[in-house]
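The structures considered in this document are given below.
Each of the next two complexes has chain A plus one more chain, namely chain B in the first and chain C in the second.
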Partner chain A sequence: MKVKLNNLSMKFQDVVAVKELNLSIDKGKLVSILGPSGCGKSTTLYMIAGIYKPTDGELFFNEKLMNGLEPEHREIGMVFQNYALYPHMTVLQNIMFPLKMQKVPKRGALLRAKEMADLVQIGHLLDRKPSQLSGGQQQRTAIARALVRKPKLLLFDEPLSNLDARLRIEMREEIRRIQKELAITTIFVTHDQEEAMSISDEVLLMNEGIVQQYSPPQEMYDQPKNLFVASFLGSPPINQLKGKIFGKRIHLMETEQSIPIETEIANEDCTIAIRPEAFYIAEGDDFSLTAKVEFIEQVGRDIMAIVTIGQATLRAFLAREDQIQQDETIKLGIRKTGFHVFSSANEQNLPIRPAWDGHKN
Partner chain B sequence: MIRDALSKATIYITLSLGGVLMLLPFIWMLLTSFKAGNEVMIMPPVWFPEKFHFENYKEAWEMAPFGRYLFNSITVTVLSTIGELITTILAAYAFSKMNFWGRDVLFAILLGTMMVPGEVLLIPNFVLLSDLGWIDQYEALIIPWTASVFAIFLLRQFFLSVPKDLSYAAKIDGCSDFRFLWTIMVPLAKPALFTIALLKAIGSWNAFLWPLIVTSSKEMRTLPVGLTAFSTEAGTVYELLMAASTMIILPMIILYIILQKYIIQGIAKAGIKG
Partner chain C sequence: MGRPTLKSTFTAFLYLLPALLIITVFTIYPIIKSLLISFYNDYDFFQDIVYERGIDSYIYLWNDPNFHLALKNTFIFVIGVVPCSIILSLLIAILLNTNIKLRALFRTVYFIPFVTSVVAVSIVWRWIFHTEYGVLNYFLGLFGVDPIAWLTDPKWAMPSLIILSIWKGLGYNIIIFLAGLQNINDQYYLAAKIDGASAIKRFFFITVPLLSPTTFFVSVVSIIGSFKVFDEIYALFGGQPGPASSALTVVYYIFEKFYGEWNFGVASAAAYCLFIIIFILTLIQLYIGKRKVTY
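Let's look at the complex of A and B:
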């Protein structure tokens, strides 16, 4: 099913939770809605589900207007953060409940429920009560219940946040598997960027009720539209430096250093953002920034150097072979892909081309 | 080991003493119900009758139409308990899970009525019922007691603790509000409902003042009111009164023993939050 949101807005009293959201999701895609808490991502999901009535805008499923339709008639399935299983019913009764509400004949319902239980691999637990299941098993039951009515759209509201780290990875792969197997359009709300990046076809990043960027995950990481997107994605977060564009260079605030660029913009305050993994130890004629190593952390495969350039503290992933020492002054080259410049005025990505040479570009 | 046993012994002895103290009036009632008339007020008092007069029970039963009283009491208790459960479930759901204009103000007013002492309402309620022509009818005994603010409050708190997602899930599954209430919320609230039902049944069974005021004919009396039959101008026939009292509290004790199991089960279940 194709989903289309047209200027969808939601206001609670005076608070605008979601503002004029436009979005279009193709059939069979998995889209994550990502953002910090309170950004309006769950509200958006609840509007799509029909639990909240949008205060403005339109919602279409396959070109059909959905605004006035009750949730049960929207052909959706939903999975909640706390599973929302009916505690007094067995796993089987839980899965069959939506069919019972639809008055599906018992025998057919039973077959269908068992089929779904097998799909999510809980076929051996049908007689258990939810309280006798582990978190992962409960979430599998909830997924089976959401799928049993053959929905055209599957909605997940932070389904993995109550699970422990290992189970989370297992379950997200499981969700991806089931989603691909059934080729069902899916919307997945999460605050965990890693989760969103790993399973989505497209990511919608929101902040304070406003869409920041809607694109495939890798593109969002490599080409952030604004400073919020750049700083929200990536762990550790992207490094930020204050600067000023002047001539063909960006001058770093409170230092003598500058970065060569090509641009039409002149005389503008800006924020330079550099991914920690974009740094490398410069060689030969490479363009480089001079930094002082304050501290070194071992992080397994790489080392993480905490360095200062002027007043700013930055993090850089470096190779172990680089053998840098604490308090040493090093020359850091920059890979062009991890380098972005944003306007200080509106935080938008500025059209700037790096104009330096480096052997790792 | 020894210290453990000692502290355990202290606890049990203290609790036993408390228990015995609480039971004493009941024991006195039970023993008096077997005494002969002249043993009741004897000085110094005796605990045990010289001879157990079981015929007191038969005599007490025959002194007033207790069959009729029993029927009335059961009818009133059962109907008002069922009535209260229904109104409580509906009201608690509305006040906890539905959004409507003025909900919280309405609930605050409802809670405010709990501050009004029941005695103050005796006369206005009596006048109201008399205008409705319900005096000396079952309506007067049952209908004013089919709603309780306290019960609504209790159940509302319980309903509030049920996560919202459950009702959202049910909505998506195609379950109406009404159906959700009866198929999901009510089974979940079993322990709270048993508590409410038990409190109501005991209160209704033991009610004295109200039935006394709104009934005038013998046919409409309930058991506690019926006990007045043993108080005459010549004095109170204590041994028969006690025999009748013992018979009257028996059903409540049995009910309590049965429901207690469910209540403890419910509380134990609620303790392990899944």
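Let's look at the complex of A and C:
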């Protein structure tokens, strides 16, 4: 099913939770709504589910206006953060509940519920009560219950946040597998960027009720539209440096250093954002930044160097072979893919091309 | 907290002593003593001499038509009050649990009868039930119903008593149900909505089962409370067990035997009969509760 949001807004008293949201989701896609807490992502999901009634704008399922329709008539399935399994029913009764509400004949309902239980691999647990299940099993039951009615749209409200790290990875792969197998349009709310990046076809990044960017995950990482997007994605977070553009160079604040660029812009304050993994030790490059190594952390196959340029502290992933030392002054090259410049005035990405020939790109 | 030592046990015992003393003197001792008294056949109350022990009192109860009437009335009363009271208070609790205006005011209003003295309440109800001047007959008259002799007709005395008792017990049950309702996570209702359950189905498939521990507690407490009914009768019928003993209950029977006839053996035996009945019923409830209240 296609989902379309047209200038959808939600106000609670005088707080605007979601502001003029436009979104279009194609059939069979998995879209994550990502953002820090309080950004309006769950509100958006609840509006799509029909639990909240939007104060403004329109919501369409397949060109059909859904605004006034109660959740029970929307043909959706939903998995809640704490699963909301009915504690007085067994796993089987929980999965069959939506069918029972639809008055599906019992034999057919039973078969269908068992089929769903097998799909999420809990076929052996049907007689248990939710309190006798582990977190992952409860999660699977909740997914089976959401799927049993063959919904046209599947909604997840931070479904993995109550699981431990290992199970979280397992379950998100599981969700992706089931979603692909059934080719069901899915919306997945999360505050975990890694989760969103790894399972989504498209990511909708929100902040303070406003859409920041809507694009495939890799594109969002490589081509952030504004500073918020750049800084929200990536761990450790992207490095930020203050600078000023003039004479085809960005001059770094409080230093003598500058970065060569191609641009029409002149005399503008800007923020340079560089991914930690975009740095490398420059050898014979036509451009590099001079930095002082303050501290070195071993992080498995890489090392992370904490360096200073002027007053700014930056993190750089470097190779172990580079053999840098603490307190050493090093020359850092920058890969062009991890280099972004944003306007200081409105934090939008500025049209700037790097003008150097690094030997690594 | 370490292991209990002799000293710490003694200290704790000292703290417990005052309450323990009062409970022993006024509760535990009478319980045991009345069991013993129920087996006195011949007893001199003034000199505390027992001439003969036996089960005469129980045989007397077995043959006493008045006791049978009291038992019958008590069962009618319990069956009349408990289910009605539970259903009504559950419905009111659900209404009060929704977002209505003046919710706090309503909660207080419903709770007032419970904290008001039975005697005061009964006097008001004697007026409401009055055959000629009562407000109840006045309203019924508006619908063309002839005046009913609520308190003086043996046929209507028990229904009057039941109405009063339901009304009086509502407040307490409502408060307990409200607490129970607030313990049900909203997420279950959201999930049920998404699963396609209408409001009525949500009530029967979510609210009722998830409220069952509360309902169980309320029913146990109300059944025990209803079996012990006395003050309402005494006050409502002016010191009589209703016209022609139509509102004679077991506790009223015990009261009459004890204070009216000074027949302590029979009174104690009747008290123990009531105890056994309540005990068995509670066991049955616990058994049912264990099977039905499981999650």
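Here is the rule we use: the second predicted complex is superposed on the first by the 359 of 361 C-alpha atoms of A that agree within 3 Å, B and C clash if a C-alpha of one lies under 4 Å from a C-alpha of the other, contacts with A are read in each partner's own complex, and residues count from 1 in each chain.
Convention: a contact is a pair of C-beta atoms (placed from the backbone, for glycine too) under 8 Å apart; a residue touches a chain by one contact, two chains touch by 3 or more.
Given the structure is predicted, the values throughout are model-derived calculations rather than measurements.
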| item | value |
| --- | --- |
| Side-by-side fit of chain B and chain C on chain A, or clash | clash |
| Chain B versus chain C as contact partner of A:Arg145, first or second or both or neither | both |
| Partner chain in contact with A:Pro71 - chain B first, chain C second, else both or neither | both |
| Chain B versus chain C as contact partner of A:Ile51, first or second or both or neither | both |
| Partner chain(s) touched by A:Phe97 [first = chain B, second = chain C, both, neither] | both |
| First, second, both or neither for A:Ala84, with chain B first and chain C second | both |
| Intersection of chain A interface sets (partners chain B, chain C) | 49-51, 70-72, 76-78, 80, 82, 84, 86-88, 97-98, 101-102, 131, 145, 149 |
| In the complex, chain A residues that touch chain B | 46, 49-51, 70-72, 76-78, 80-82, 84, 86-88, 97-98, 101-102, 130-131, 138, 145, 149, 157 |
| Touching residues on chain C, where the partner in the complex is chain A | 185, 187-188, 190-198, 201, 205-206, 209-210, 212, 294-295 |
| Interface residues, chain B side, partner chain A - complex | 163, 165-166, 168-175, 179, 184, 187-188, 272, 274 |
| Residues of chain A touching chain C in the complex | 49-51, 70-74, 76-78, 80, 82, 84, 86-88, 97-98, 101-102, 129, 131, 145-146, 149 |
